[in-house]
Amino acid sequence: MAEIEIGQSKRATRSYSFDDLAIVPTRRTRDSEDVNIDWSIDAFKFELPVIAAPMDSAMSPAQAIAIGKLGGLGVLDLEGLWTRYEDPAQQYEEIIASDEHSANEVLQRIYSEPIKPELINQRLSEIRDAGVTVAGSLSPHRTAEFHETVLNAGVDIFVIRGTTVSAEHVSENSESLNLKKFIYELDVPVIVGGAATYQAAMHLMRTGAAGVLVGFGGGAASSTRQILGIHAPMASAVADIAAARRDYMDESGGRYVHVIADGGLGTSGDIVKAIACGADAVMLGSALAKASDAPGAGYHWGQEAVNPSLPRGHRVHVGENGSLEQVLTGPANDAFGTSNLMGALRRAMATTGYTDLKEFQKVDVVISPYRAQ
Amino acid sequence: MAEIEIGQSKRATRSYSFDDLAIVPTRRTRDSEDVNIDWSIDAFKFELPVIAAPMDSAMSPAQAIAIGKLGGLGVLDLEGLWTRYEDPAQQYEEIIASDEHSANEVLQRIYSEPIKPELINQRLSEIRDAGVTVAGSLSPHRTAEFHETVLNAGVDIFVIRGTTVSAEHVSENSESLNLKKFIYELDVPVIVGGAATYQAAMHLMRTGAAGVLVGFGGGAASSTRQILGIHAPMASAVADIAAARRDYMDESGGRYVHVIADGGLGTSGDIVKAIACGADAVMLGSALAKASDAPGAGYHWGQEAVNPSLPRGHRVHVGENGSLEQVLTGPANDAFGTSNLMGALRRAMATTGYTDLKEFQKVDVVISPYRAQ
Amino acid sequence: MAEIEIGQSKRATRSYSFDDLAIVPTRRTRDSEDVNIDWSIDAFKFELPVIAAPMDSAMSPAQAIAIGKLGGLGVLDLEGLWTRYEDPAQQYEEIIASDEHSANEVLQRIYSEPIKPELINQRLSEIRDAGVTVAGSLSPHRTAEFHETVLNAGVDIFVIRGTTVSAEHVSENSESLNLKKFIYELDVPVIVGGAATYQAAMHLMRTGAAGVLVGFGGGAASSTRQILGIHAPMASAVADIAAARRDYMDESGGRYVHVIADGGLGTSGDIVKAIACGADAVMLGSALAKASDAPGAGYHWGQEAVNPSLPRGHRVHVGENGSLEQVLTGPANDAFGTSNLMGALRRAMATTGYTDLKEFQKVDVVISPYRAQ
Amino acid sequence: MAEIEIGQSKRATRSYSFDDLAIVPTRRTRDSEDVNIDWSIDAFKFELPVIAAPMDSAMSPAQAIAIGKLGGLGVLDLEGLWTRYEDPAQQYEEIIASDEHSANEVLQRIYSEPIKPELINQRLSEIRDAGVTVAGSLSPHRTAEFHETVLNAGVDIFVIRGTTVSAEHVSENSESLNLKKFIYELDVPVIVGGAATYQAAMHLMRTGAAGVLVGFGGGAASSTRQILGIHAPMASAVADIAAARRDYMDESGGRYVHVIADGGLGTSGDIVKAIACGADAVMLGSALAKASDAPGAGYHWGQEAVNPSLPRGHRVHVGENGSLEQVLTGPANDAFGTSNLMGALRRAMATTGYTDLKEFQKVDVVISPYRAQ
């Protein structure tokens, strides 16, 4: 990869976001109906390559069930409102009603309530009872504390998700989670991330993870770039980590670790480009928070917004956009790229002549920075 | 063409839009009056290198006649309002009166009315009776169903237009249109597209088409980039397909297939640049929808906006801009690049020292991204 | 110069505007007071390297005198209001009072009044009587008709200015001005342009011109880019034409043709960069139209805005900014880069360690596209 | 460094600003608590790598003391309000109350009051009495006049700060400050700048300076780019000058001159990137003017705004943002990157796996131009 000189003592590579790219049709076309967007990870098979991000604005137990029934995978945040409060209805209302200037403070206060292990158990049971795949997430630094509760409650897929998760976290004051050992001992597949580079993802793949989340808190509600100066332009990050998947598959003698784009997927076009750059599936936050049946009622926020000393995200108004079903599988009756996300994916694949996701990772792309008109 | 690495597993080329370019005068100047912008395709000769896009906002039978009399070619959408409704006046009114949020739903409903073969016949006869060149368009998936009606009604030029038209459409459930066989059997010249790449256009040229439309629904009313992630930056697409024209002419022993830029031509400057990049003629949608006598009354929408499950365009307000005549041949009395489009083309050619369109395809251009002031 | 492939049949070079550049201090600093910005062309010496553009919004006979007394050169448009109307006060008022939508129509009407040779004589005499250098301008296609009037009236410097002026204009219907012959026969120095490229400027230099205007109607009031697709990014144009000056000086055995940046010089920073790219002097339009004593009273328009069939510019509101003296030599009491233009030039030269204009053409620049904050 | 051709007679390098860059995590992560951001210059040790810019909007004697107690270094402007007025409260009020259009004029008038040597003495004593490190700044052209007063009053660190400070200032009319001789004779460490290039900084390092300020008046309140055309894109400037530090250390046999980024550091992300590009510490102006206890009461202006004939900056409204303590060390209760600046730096370092500032200068960066959403 060509390096560019920033100045005489510093070099950098050029990194691309989805907005810098477009897909181009270069060959025969297909019917949308002939396109297959099934996706499997470990023993679990999904009709849609969509994982709902564990964010309280988008996911409740009910909504996790709904997405499971629609063919995707819902992931409940096991450190969120639903495991801190018996009935979080009032907390949702308070967050939604807060004005723009005080939203972070309200979030900081509400999320200071301790997590209740019994609620972890109760929420996961509720999802399991509905007959869909059960998945819950913890952040790395809570995983040691709560993972047994989670495993006892029973999950099909375990998600460890933070802004950056490294295979080796070093701490001088506390014992760090040994991811490799932890994943080895678990008997459920683990999806872990975010990772933003080939190297970081390669290390995560070597821990035995079934899937790696690509991203660094770059979603609609995040301000990590302004606050930390850290940003993972998604197109390059996905394409780099897809290369790590290939190389790790070689190194491991055939283990295929799924690459899941997480963050910055605001429109169906972004989802299409994530797959085009090499993702196997996508994790959606704000896109699902826009569902009229999402618990956030048109508002969206992430875990990074609740940090008590350094919040790195906002509560943002994303509006409502039809039911979860319309958002995922249509029909759409507007043209903003926020409804019938999967219909758009099928259509983009058909138009460019592809009928399955793995092949579509090879579609031609061009660099053409997007400008709002 | 130099490839750029997006990430370790993905490469792309840089693609340019008209806004990225400017034309530069490098030699002697000419008088505008000495410039010839005649254009011929097959046996048909036109004073202006302009085809009106088959879009209901811009074209009615009356407007198709008007543009023919002004020296261009009007193309009626044979799947639009004029072949679904005996008198579409009320439908136009409803579309125009709808508010922004419900416009797509209104379009979806109005365009769900079936197409009437007898109206195809009636509309084309009306145009023929006026003594101008008759052209109508169908989308690829309607062509099998209605082309006989169209041919029986009589057209001089047949247009097959979709967002992407490939020479080989593959379907598992229905028999696809065999474009090559179809065009071979027709006895009228066929213009077909959109195509966005050298390869796609080359295949279309090999079907026997007289002209290829370059584009991918990238016009003013389109949101395919947001929805499908697909975009064909027009300057690069035209320049690539002009190369296909040259190579196909060699391969075919001299058949010259016309390259027609279709989409994203919002100003006369864009038209100038389309020719400069290698187009033989341009297909105009929103530019003509701005005529005060256009049926859309200041509004513009395309076929992609009416899709029942995945609309990929909006009804947009484009305003009114003087009569069709003023739009095409002036005089202009403002300076927005939306009136006297052909006067501007003549002037640009004269200023850079060219007197015919084919020569003007060689004019010097520079890359200089446009910024709104 | 490296060529970039737009598409397989078209190549282009990357061209830069002043906004893409910044100057960087790399060496010793100087006092502003030690900086010399004198400029001479032919036998005429000026304290300031500033020519006022022949535009009615900025120049009247009185204002041409004022700029002469301040040390610059005023050029009166000899095809403008002052040679069409005995007293254009009412016309100015009408232009200024017209609303935005009808301004072009008002201009078209007012400028359709014929030019009066006796007024050419009268205006130039008025300037001469004030004791300053006398300069007037004609467009190329009026030069044949009026140049004798102008020469009889007496000018020190003759300016032939159009959006593009080529050394060889070809016309099928009328006899074109033979610039070389014309300039040879004149006994006053001629400044001619715009030219946008090395080649075009080289040809103009070979006509015997004393100075070449670099530009293509790219000023604040112009919309040639939207209308004609033509644009001359000024930094590259000036740097290319400065190379033509050097090469022509060699070819001609020592004739130094002045390079004058004309257009797109909105701030003192732009003036600084024009010199830095190789200009000997600058021609200012909107910058001087902002003077509170300019005849345009806060409005600005160019000759291209009055074209009867294809206006290529607008009347724009530029506001008022202190007297012409404050605009040129200060003091400034705001910080928008529109007052004390020459003080800013001195300061920029001092800060980067230069004390005369010719040396300052070598100052280091970096590419760093400007973004509004 | 690769040069790009602007035009045939001018070349330039591409220069980068912080907004063009992002940091990427590529390795193990750490705890924020394990991160050490101590910084030492000469014999002085600071808990935070932060110097407050000598700007009246951010610094008063009281605020200089406050920042000292918080672990940073406050620098009082010894040519500002506090040394011109016995009690500048009324002047602050007038500046703050002035309307946008007259703010520069008000500043010009207020800062025309002479500097009182006895007030220099008094202000510095006040800071010294509080037990914090004492630092004051003069501009180069006042240094000769007032430096003895300053030294007699007693400073621990002396700052010479101008938009551009060169090692060799040449003047025809007055004797220039011989920086090398001056610094040699002083017995306190001197921090000097701005410098924008390797060469300029290398010369300053050779004067014996302890630290070099990198920048060219590019802060929030500055308009030098519009007015002078001069701009120092900070990422490239810091990386170039960090190379000068390395080369000078070699040349001098081990003298380490501190590189201090000064200007354009609006968010904590910018501070992170300044260190990542090679800075040892940062000088903050507008960031500290946002403190609710800053004397500017939500307004910010710099020395360049008060210039009597060519002001090159504005008084800008920056708002209030919590106490100085919250701004520097938190806690933050919003997510704009303007509070808990040091917490953000720690977090960015921890996330990318670094525990000290010097090592963090090696962190990986990518080029990814920022776009506002």
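To keep things simple, chains are lettered A, B, C and D as they appear, and every chain counts its residues starting from 1.
Here is the rule we use: contacts are C-beta pairs under 8 Å (C-beta built on N, C-alpha and C of every residue); 3 or more make two chains touch, one makes a residue touch a chain.
As the structure is a computational prediction, the values presented were derived from the model and not from experiment.
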| item | value |
| --- | --- |
| Neighbouring chains common to chain A and chain D, by label | none |
| Furthest chain, CA centroid comparison against chain A | C |
| Size of the rotation, in steps of 5 degrees, that lays the CA trace of chain A over chain B | 90 |
| Interface sides of chain C and chain D: same vs different residues, half threshold | different |
| Length of the line joining the C-alpha centres of chain B and chain C, rounded to whole Å | 40 |
| Length of the line joining the C-alpha centres of chain B and chain D, rounded to whole Å | 56 |
| Numbers and ranges of chain A residues touching at least 2 other chains | 14, 16, 236 |
| All pairs of touching chains, each written as two labels joined by a dash | A-B, A-D, B-C, C-D |
| Partner chain C, residues of chain D touching it in the complex | 4-10, 12-17, 19, 101, 104-105, 108, 163-174, 195-197, 199-200, 216, 220, 223, 225-233, 236, 304-305, 308-314 |
| Parts of chain A lying in touch with chain B, wherever the complex brings them together | 1-2, 14, 16, 18, 21-31, 33-34, 198, 235-244, 246, 267-273, 276-278, 330-337, 340, 343-344, 347-348, 351-353, 364-368, 370-371, 373 |
